[in-house]
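Okay, so chain A shows up in both of these, paired with chain B first and chain C after.
For the complex of A and B:
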């Protein structure tokens, strides 16, 4: 009797082929090329030929001893932190409101669209808008503060490290909290509604429901937002570049802006920029791994461990019984 | 880790689809050999090309124009890529702005520039006949001869408010004002004190002064491959500090709302003047004066005189690709734009504002011959002939103190000067940090 079952597996490969090809040519190849350039002497406008350096780690050494690069890494971390904490808190708060069956908020669709809106506007537009809002010596915010009598002289926002970092962190926060909220709401929708019903019948308060049911069930989604935000945040580029070119005095210079400056403005240090990109890549991998480790599914691991221990114990019993 | 890869992959697909979308736009099919690829950062030169084709019907070349704005530094990387890639879509004719022209005439990308004499242009004779401003020739020349020239002369003058001059010194005569504010920065600061006593700021922000200080210094930022701070440029720290501490300006940055507001005379204190070439008057100040004819806003209340120190600011240079298959045609156009001093040359139209019919914007051009037979009277300047001030301004300007990295170094320097004047840093610290950042970013010590 011939085995006549139909295999659908090949369709899986065929449908994923376009993606694989695009990925290979437009993503994997550039990544490998970048990694390679970090070990070469490719620098200067208009050059295409290059040689590998006698000391392959020279660019890495130059990059890691470059004070501006170290500064830019610190700035990136700080600005990411300033934007991520409030972003996560607000997104969680809004999620708990929007998904709470007892509140039944009207016009949810409109609110979600409005909160997502900043994400649709081009980053360049937003950076420019905020630069003008915080203009000096004349600008809408300065005018407003003066009118309210909060200040006597206009504030030089562009020259203040605190204000500049705060404004850039705020823009990032404002652009992305809506996105994070939508992802979290989708996550909550995926939780079995009977659990919420059971909690309600048992008399759990909104706060209890949120902390005991919603949050633990959201762990996978939280992990996803945390990791994507980490990747996006560490690559923060357009807002800091366009808001104030990384100024004042490199106080908002992020790693990506530094890399861009090395590669495409001034001396065209493609090799150093590539090395710095790989350093940034390594940092992202390490941080993402840490996040994965912290948020790993401890229950599942415990069950795994228990099962192994049980098997071991059973074998031991068998052995003893055999004796 | 799998998830990270997934996210990365998803992101990369997004990026590559964007790349695709961007790529198809440029990939217009090129047919025939009579094609000129023209690259520029504004539509100014492409419009000249339209006029040239209109004047010369037998010039039957198809011109494909690529315009990339210089904002966000997008023009240079795009142009560099196109030049290096070569092929039939490579630029045959491209333009460069003063901020980065040296890179294309004498610096890293100079190898691609064709010598004008190889384009069939009789350079020596025409330069003499047209009496081209020397600094534009200096900037456009390298060891292979002349490779780039502009059509404007962008020598700078001091542009001041007539009514405020009368208020402070009882006269608005350019000669008198000129002797009050210069020559030299000590006299300029003394004049600033006199004006301040009448409640007038001498300039809008320190950026205005910087252009003059930079242009007048003896040497550029790099001497023999090393970073060099010219004493004149170092003195800018003190000039800027004095301006700020004593309230001689409104503390604006150039190209911001507050800077434009001072042209209209609506800042915290009235502002006496600006440093700038003719294009600043025509394209920036006239539009921001709050009027279009004398009596409205500050329109007509301005005049020009010699600045305390000579300088030039801006300008566009035309360069031909030495690998171009259509060198001769490109050469004809370049000659018409940069070296033709007849009444049908571009510069005659440009100087008299008649390129697109009468009544257009008048501008100062590179050819002294053309200027001598043109009329530079402007209503904006209360009927003053601006060429009287701008022709000598072109002679004082020098192109020998520029380097191809000026844009980046200037930006770092101006940032550190602001750190010092705002009181965040000491003078020595600002200089030390300037050196450090130039070394970090450009590898120049």
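For the complex of A and C:
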């Protein structure tokens, strides 16, 4: 009876085929092509023919000794750091409040909806909106600060390196802390509640519970957030471009904006932009690997084991309930 | 006996609510100012750039935009075409791939899944030069296809769909369909897809919003004004001709994100659930 002899294995291949083909055509080939263009002399509008350089590493040398590219890498790192640290701290603080057993915050749903909101709105629009909000000599923020008596005369935000970097980092922070918070809350919800109950019975304070139980349990999720934020941050483009074109004086120029400017804003240095892209790619791969290497430790394995044990436990309960 | 749960001190409660309320004001203020100023005239904004109440200049601001050849409707239609295309392809093909990974036992199944995990983090931005040159040689610049078709290979969506299928799909249903003589494609389209509906909805929202918001790739690929998407139109506002048209700039900005606000307030619950679910991937 039945058709045990029929093998359905080929359908696994068939159903995965579109993914594979599209990936090869639109992702893998462009990456290899970019890597190759980095060794060529391809420059100029509309040019399609190119030759490999006598010294294939010339573009890389040029890029790595280019002051503005180095500056752009430093800016990218600095702006990411300025956004990530406060973002993580605030998300952790809010997570500890929203998951506190002793204090059920009213209106949590509404708080979450509004705190997450900026994340879903177009970054380009937000960046240009902030440019207008920080207008000079008249602008909503200058008006507000004057009204509150914080400043005596309007600040020329766009021309200040400190303010520009700070504002771009703030936009990034403001758009992402809600997302990070929701991710962390989900992580806390995944922790076995009996651990919290045990801590409570043992008389642990909420601060102790947070630092001794919640935080260590969130290790994996924290690292995951760190990697995704880092990879996203290294590609930062929309916000610095729309806020101030990387200005003033390249103080907010990020690596992606630099690459875009080299190739697409009337300069057509495709070969240099390719070399720079590969440098950026290498940095991303190295950073991601380091973090994933850390992730592959005993703790992660232990979490997996606990999970399996928990599943088994749940199945048993279901069985018993069924009897 | 259980120990009585200690209440939080009133001072801490006040701090918690103050911080939360401050943060939601921070979330609302920029957008509120944007929408209100979109209805105010340039003179009004110049004399006081913050107002709590709307004014009556929305139509005249719109006319200014039209006179400067800035038509948000074109951007709206283009963005809608691309985002809908991306959403349909990403959701359908990711489900198909995920089903292939879950329902069938094939030799390369594990290596293929590991491969998807490995490419999950590869940013599309770093291959932009090669992508552009390749599409240029195919004559596909100023065409929507290079912006839509790559959605067929969305590793993150495949990952989510796989997790969902592992939790919900019972292979018995599939076997029953086979006994009834249903082909594999038909089983997927008529039986598996309906089971996946909640996951489809969540991922559809994220695919749509992600595509609507993207600037980098469209900015590089589309140079013809009639092909511009909404975020590229925002980039246009940097031009000198808008320097003194405060009200119109706010109106244009409002229009680029209006659909997102509507989607968000209708579906915020599902969106936040989706973010939380996506976080549980391990």
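Please note the rule applied: the second predicted complex is superposed on the first by the 266 of 323 C-alpha atoms of A that agree within 3 Å, B and C clash if a C-alpha of one lies under 4 Å from a C-alpha of the other, contacts with A are read in each partner's own complex, and residues count from 1 in each chain.
Convention: a contact is a pair of C-beta atoms (placed from the backbone, for glycine too) under 8 Å apart; a residue touches a chain by one contact, two chains touch by 3 or more.
This structure is a prediction, so every number in the text was calculated from the model and none was measured.
Peer 1: Consider chain A as the common anchor and indicate whether chain B and chain C clash or fit when overlaid.
Peer 2: Clash.
Peer 1: Return first, second, both or neither, reflecting whether A:52 touches chain B, chain C, both chains, or no partner chain.
Peer 2: It touches nothing on chain B or chain C.
Peer 1: Which chain makes contact with more of the residues of chain A, chain B or else chain C?
Peer 2: Of chain B and chain C, the partner in contact with more residues of chain A is C.
Peer 1: Once chain A of both complexes is superposed, is A:247 in touch with chain B (first), chain C (second), both, or neither?
Peer 2: Touch partner of A:247: chain B, not chain C.
Peer 1: Between chain B and chain C, whom does A:27 touch in the aligned arrangement: first, second, both, or neither?
Peer 2: both
Peer 1: In the overlaid three-chain picture, which partner chain does A:69 touch, first (chain B) or second (chain C), both, or neither?
Peer 2: It touches chain B, and chain C stays clear.
Peer 1: Of the two partner chains, chain B (first) and chain C (second), which one does A:81 touch, if any: first, second, both, or neither?
Peer 2: In the superposition, A:81 touches no partner, neither chain B nor chain C.
Peer 1: Which partner chains sit in contact with A:132 here, chain B, chain C, both or neither? Use first/second/both/neither.
Peer 2: Once the two structures are laid over each other on A, A:132 reaches both partners.
Peer 1: I'd like to know which partner A:100 touches here: chain B for first, chain C for second, both or neither.
Peer 2: The second partner, chain C, only.
Peer 1: In the superposed arrangement, which partner chain does A:44 touch: chain B (first), chain C (second), both, or neither?
Peer 2: In the superposed model, A:44 contacts chain B only, not chain C.
Peer 1: Considering only touches as defined above, state whether A:221 meets chain B (first), chain C (second), both or neither.
Peer 2: Second partner only.
Peer 1: If both complexes are laid over each other on chain A, which piece of chain B (217-225, 235-243, 253-261 or 415-423) hits chain C?
Peer 2: Here chain B runs into chain C along 253-261, and the other listed stretches stay clear.
Peer 1: Per the definitions at the top, what is the overlap between the chain A residues touching chain B and those touching chain C?
Peer 2: Looking at chain A, the two contact sets intersect at 19, 22-23, 26-27, 48, 124, 132, 135, 138-139, 224, 227-228, 231, 241-242, 245, 264, 288.
Peer 1: Could you list, by residue number, the parts of chain B that touch chain A in their complex?
Peer 2: Per the stated touch rule, the residues are 1, 3-4, 7-9, 12-13, 15-17, 19, 72-73, 77, 80, 83-84, 103, 107-109, 111-112, 250-253, 256-258, 261, 267-268, 405, 407-408, 411, 415-416, 418-419, 422, 424, 433, 436-437, 440-443.
Peer 1: Note which residues of chain A are touching chain B in the complex, please.
Peer 2: Residues of chain A touching chain B: 19, 22-23, 25-27, 44-46, 48, 66-69, 124, 132, 135-139, 156, 158-159, 223-224, 227-228, 231, 241-242, 245, 247-250, 261-262, 264-269, 285, 288-289, 292.
Peer 1: Mind pulling up the chain A residues that touch chain C in the complex?
Peer 2: The contact residues of chain A facing chain C are 3, 8-16, 18-20, 22-23, 26-27, 29-37, 42, 48, 93-94, 97, 100-103, 105, 109-118, 120-126, 128-130, 132-133, 135, 138-140, 142-144, 147, 174, 178-179, 182-187, 189-190, 200-201, 203, 206, 220-221, 224, 227-228, 231, 234-235, 237-238, 241-242, 245, 256, 259-260, 263-264, 270, 273-274, 277-278, 280-281, 284, 288, 300, 303-304.
Peer 1: Chain A touches which residues of chain C in the complex?
Peer 2: On the chain C side, the touching residues are 2-3, 5-8, 12-13, 16-17, 19-20, 23-24, 26-28, 30-31, 33-34, 37, 45-46, 48-50, 93-94, 96-97, 99-101, 103-109, 112, 119, 121-134, 136-137, 146, 149-150, 152-153, 158, 178, 184, 188, 209, 212-213, 215-216, 219-220, 230-231, 234-235, 237-238, 246, 249-250, 253, 256-257, 260-261, 263-264, 268-269, 271-272, 275-280, 282.
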